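After this come two complexes, each holding chain A, first together with chain B and then together with chain C.
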Partner chain A sequence: MNILRFLQEVDRRVLYALMLLVIAFPVLVPIPLPMKVSPATQSLYDSIEGLKENDFVLFGVSWGAGTRGESRSQTYALMRHLMRKKVRFALLAFEPQAKVLNQKIAEELQKEYGYVEGVNWVNFGYQIDQENFLQGFGKDIVGTIKKDIEGNPIGSLKVMEGVQTAKDIKFLIDVTGSRSFEVYITFLQQPFNIPMGGGLTAVMAPEAYNRLDSRQMVGLLGGLSGSAEYEKLLGKTGEATGASTSSAFAHLLIIAFILLGNVAMFLEKRQRQRMGYGEK
Partner chain B sequence: MTSFSPWLAGHLEMLKLWIGMFCTLGLFSILYRENKVYRFFEHLFLGISMGYLIVNTFTDNILPKFWEPFWEKGEWWLIFPIFVGLFYYFIFSQKFAWLARLVIAFFLGITSGRAFKAYVNDYWPQIPSSFKPVVPHDAFTAADGTQIAELTRGGAINNVIFMVILLCVMSYFFFSFEQKHPVLKNTAKWGRWLLMFAFGAIFGSTIMGRLALLIDRVTFLLKGFGGGAIHKDYGPWIMFAIMAFLTGMVLYLTRKNAAKEEAQ
Partner chain C sequence: MFSPKTGTAFWLYVFGACVFTVVLVVILQALPQRARRPLMLAATFIGGLFYVLEFFVPLRTMPTPQDPDAVGNFMTPFVVPVAGILIPIVGAVAFGLGAINLFQIHGRRILKKNPNYFFSYVFFIGFFTTLTIGILQRLRPNAINKNLYDLIVVGGYQNLDATMFSIIAFYITSAAYRAFRVKSVEATLLLVTALIVMLGQISLGQMLTNWLPEQGVGFLGNFRFEVIRDWILNKANTPAVRAINFGLGIGSLAVALRIWLGLERGSYFDSQG
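Let's look at the complex of A and B:
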């Protein structure tokens, strides 16, 4: 087969194979690439950096296995920062799988920072009907949640001391692969004027940027690159930093094939015209 | 489960890795072509997700908020919302359908109110933030005491670009009358183009998102499974070699099938 024709008709499986190898290699051999921190990430970092010790943060974690590749590294980075700042936080999920996935992350990080469940953090578990739930939650946190995932009454936990309503929440974070961040804005951020940040999947992030402009959100992490930038700010290389190299290489491969395919098309067109039997 | 079988307790982590590996490769098999292995794992994933949802809805919501208060604390009045919910089924009765309409009307009212609240709280603050200053100025304190930050020449140009794009895109959505006037016609045309740029950027971002999911699975196969189930140091490289071999096989089969089709 002619090379120009081949480049225009590359079988998708060939592309998948190349993509797999291009992604796998940087996973095995770390190749550090320069990275620029975006203003949205920097702003979120600065806002959390501004929190005082023992402040209470509501950490929305509405993601499941389907977006683990992006949301997990965001959760790791943000939770690590909260623990470094010694602030209290509560995990709240509107996605059933998130309850356990995030519990594991918190249990893993708490060893590193000396956090204790029930004293420094709590998992409110999986809740249904986010809109109705948040309306009640904002006015009476303890009465709405009742028990944490271990079955302990919320009101008896040390972590909840002085936290009655949404007015006692100093910062709100939502790491999500869905539109849950909009519901947080509607029913919690705006009515109670709570500063809010987000960790969104790359698909969702473009729709949230206008909320930065209106200051409904103070900052956000957009997909894998957002978590890699945050890891850089924390000075702690995590899974996102390595994965962002794979992502960059995969993008280069896609761009290269788009360019090659188009160049081949134009060259073939010219070749046919020169030979006198192509369209003009 | 672990107390039931000590063997299982000792091998649970290893089993998880092997199951994870088979599930991942089974789902990746769709990349070659539609097949029954992929269908099996797809249905397995959907079934597990659904089962997980039902169990968690019960344990985290129905159990602490209805079941325990009702049976253990005697909060008998919690039964009333269930009766109200059951009114929906009167829709099947001609005589009592009005009862179903009562509940439907009630929830329509609530939903409309919530939608209005969502509109006010989510979209309204974005309207004033769209009005941006386009003349550079130094930092100053406004009459109401608000601190206004400095607007540089670059910032002003940025705001002008923002305003032009906003007006062009908005003019595209004037559907109530025919866009005959040359000014409106051209701005609407530009608005369409600018929307296309935005959709392109969103699509590019979507690709990045999908790649992140693939990278997560590849990392699991190499480091999670390779490093955990095969060998801590050499396992990832062994998995890389296996993946390269499988990839080579797929390419060989693809080429062979293409040659066969060409010959026919």
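Let's look at the complex of A and C:
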């Protein structure tokens, strides 16, 4: 087979094997890479940094195991920052798996920062039908949620002191792999004028940039690189910093193969023209 | 009506709701297809009417103990019960409906011994195992039930879900390699944009233009990959996404109106005559 044709038709199993290799290698042998913090990440960090002690934050966590690779590190980084700032927060999920996944993260981090469930944070659990739910939630949080995931009436929890309606929420975050951030903007951020930030998967992030432009969102973490940038700002290396190296190598492999395929195609075209075959 | 009930009243409400549901289902099943249509239309219209009235009737000051500055209209007091009580009930019924549909489909496959009917057994075993362990873990949260739940849900289901999603990385590599070919001006534009955004997104890509001055320091600083990426996302991508969202919004409104008013073809058992 012609080498130029071969370079355009590399067997997909070879690509899979190379991809596996470039993802696994930095996991086994950590390679620290310099990174630049994007304005969207910096802006989110600054906004959370500006919160006062004991402010109440609604932390939307509508992600499941499917986007765990990106969303978990975003949740870790943002939750860590909230705990450092000593603000109260409530987890709210519109994805069935999120209730358990995020409970584990909060339970793990609370030991480090002396947080107590029910006193400094609460898990509102999984709720259905985000559009309808948020309309009631904004008007009466306790009346709509009623109980946390442990079955405690949320009106009796210390963490909810002075929190009745969405007007009492000082900041809103949504870490998600879906369009749930749009619904938050429509039914909570806009009507109650709550500053909002987001953590989105890399494929979703470009859709949220118009919300940054319109100031409906103050900042944004885009994919794994977003959480790695946030970890850098926090000065605490987490899983995203290592994983972003794998991601960088994977991207580079994709770019290399795209270029390889195109160069080979271009050279083969010229070769055929020289030999008088014309277009294939 | 929406206040919490306890003791005998609670069980009476549960019993009444069960009887009402059974009677309703029996009546609906007994009705001919043509008679069901107006019922569905009426239910949809009344459901939609709630939101139309809530959003379009003018607002006035309506202080509540929870929110002394609240504004609303005569429908506003029903928003919290609808969101907190009715919607979860409808959601639970929808989950149940989904389960019944799956039982019908997989049950039929097993009875008819369709090709690969073995997987329908897998469905039933998986469904009832997960359901039983989930209920046990909630009713009796001892170490055995908790470990079983962790094994099935956390160790099994969640990891399978993550694996399924991770496989996309391999497919994307293969698809990008085969599809991203410079065969037209549009394809070239797409390719160049994608490469710049990818390079600007990763640290290895950013390192390639690290020798250029920082943005704002000199003119050449504007050519760093991460700066061009930000420009593409903010200046080219943003208006395009906004335009798509406008189109989607108007389209959704039109479809919602058609469904609400019963004008949409193919809904409400139309296909069943």
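One rule holds in what follows: the second predicted complex is superposed on the first by the 269 of 280 C-alpha atoms of A that agree within 3 Å, B and C clash if a C-alpha of one lies under 4 Å from a C-alpha of the other, contacts with A are read in each partner's own complex, and residues count from 1 in each chain.
Here is the rule we use: contacts are C-beta pairs under 8 Å (C-beta built on N, C-alpha and C of every residue); 3 or more make two chains touch, one makes a residue touch a chain.
Keep in mind that what you see is a predicted model, and the values were worked out from it rather than measured.
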> Mind checking chain B and chain C on superposed chain A, clash or fit?
Replying inline: clash
>> Under the stated touch criterion, which partner chain does A:Val87 make contact with: chain B (first), chain C (second), both, or neither?
In response: neither
>> I'd like to know which partner A:Val175 touches here: chain B for first, chain C for second, both or neither.
In response: neither
>> If we overlay the two complexes on their shared chain A, which of chain B and chain C does A:Thr165 touch? Say first, second, both or neither.
In response: second
> Taking the superposition as given, does A:Leu220 touch the first partner, chain B, the second, chain C, both, or neither?
Replying inline: neither
>> For A:Ile128, using the defined touch cut-off, is the partner it touches chain B, chain C, both, or neither? Pick first, second, both or neither.
In response: both
> Should A:Ile149 be classified as contacting the first partner (chain B), the second (chain C), both, or neither?
Replying inline: first
> Touching A:Pro206 in the superposition: chain B (first), chain C (second), both, neither?
Replying inline: both
> Which holds for A:Ile255: it touches chain B only (first), chain C only (second), both, or neither?
Replying inline: second
>> Taking the superposition on A as described, I'd like to know which of chain B and chain C A:Thr67 touches: first, second, both or neither.
In response: both
>> For the superposed three-chain arrangement, which chain C stretch in 42-50, 96-104 or 240-248 runs into chain B?
In response: 42-50
> Between chain B and chain C, which residues of chain A are contacted by each of them?
Replying inline: 16, 19-20, 23, 64-69, 97, 127-128, 146, 202, 206-207, 210, 213, 222-223, 225, 247, 250-251, 254
> For chain C, which residues are in contact with chain A within the complex?
Replying inline: 64, 66-67, 69-70, 72, 76, 79-84, 87-88, 90-91, 153-154, 157-159, 161-162, 164-166, 169-170, 172-174, 176-178, 180-182, 191, 195, 198-199, 201-207, 210, 226, 230, 233-234, 237-239, 241-242, 245
>> Under the definition above, what is the set of chain B residues touching chain A in their complex?
In response: 31-32, 49, 52-53, 56-57, 60-61, 64-65, 114, 117-118, 121-122, 125-126, 128-130, 198, 201-202, 205-209, 211-219, 222-223, 236-237, 240, 243-244, 247-248, 250-251, 254, 258
>> Taking the touch rule as given, give the residues of chain A at its contact with chain C in the complex, in rising order.
In response: 10, 12, 15-16, 19-20, 23, 33-36, 38-39, 64-69, 97, 100-101, 127-129, 132-137, 139-140, 142-146, 164-165, 167, 202, 206-207, 209-210, 212-213, 222-223, 225, 244-245, 247-255, 257-258, 260-262, 265-266
> Which part of chain A faces chain B closely enough to touch in the complex?
Replying inline: 11, 13-14, 16-17, 19-21, 23-25, 27-28, 64-70, 72, 96-97, 99, 125-128, 131, 146-147, 149, 182-183, 185-187, 190-191, 201-203, 205-207, 210-211, 213-216, 222-225, 239, 242-243, 246-247, 250-251, 254
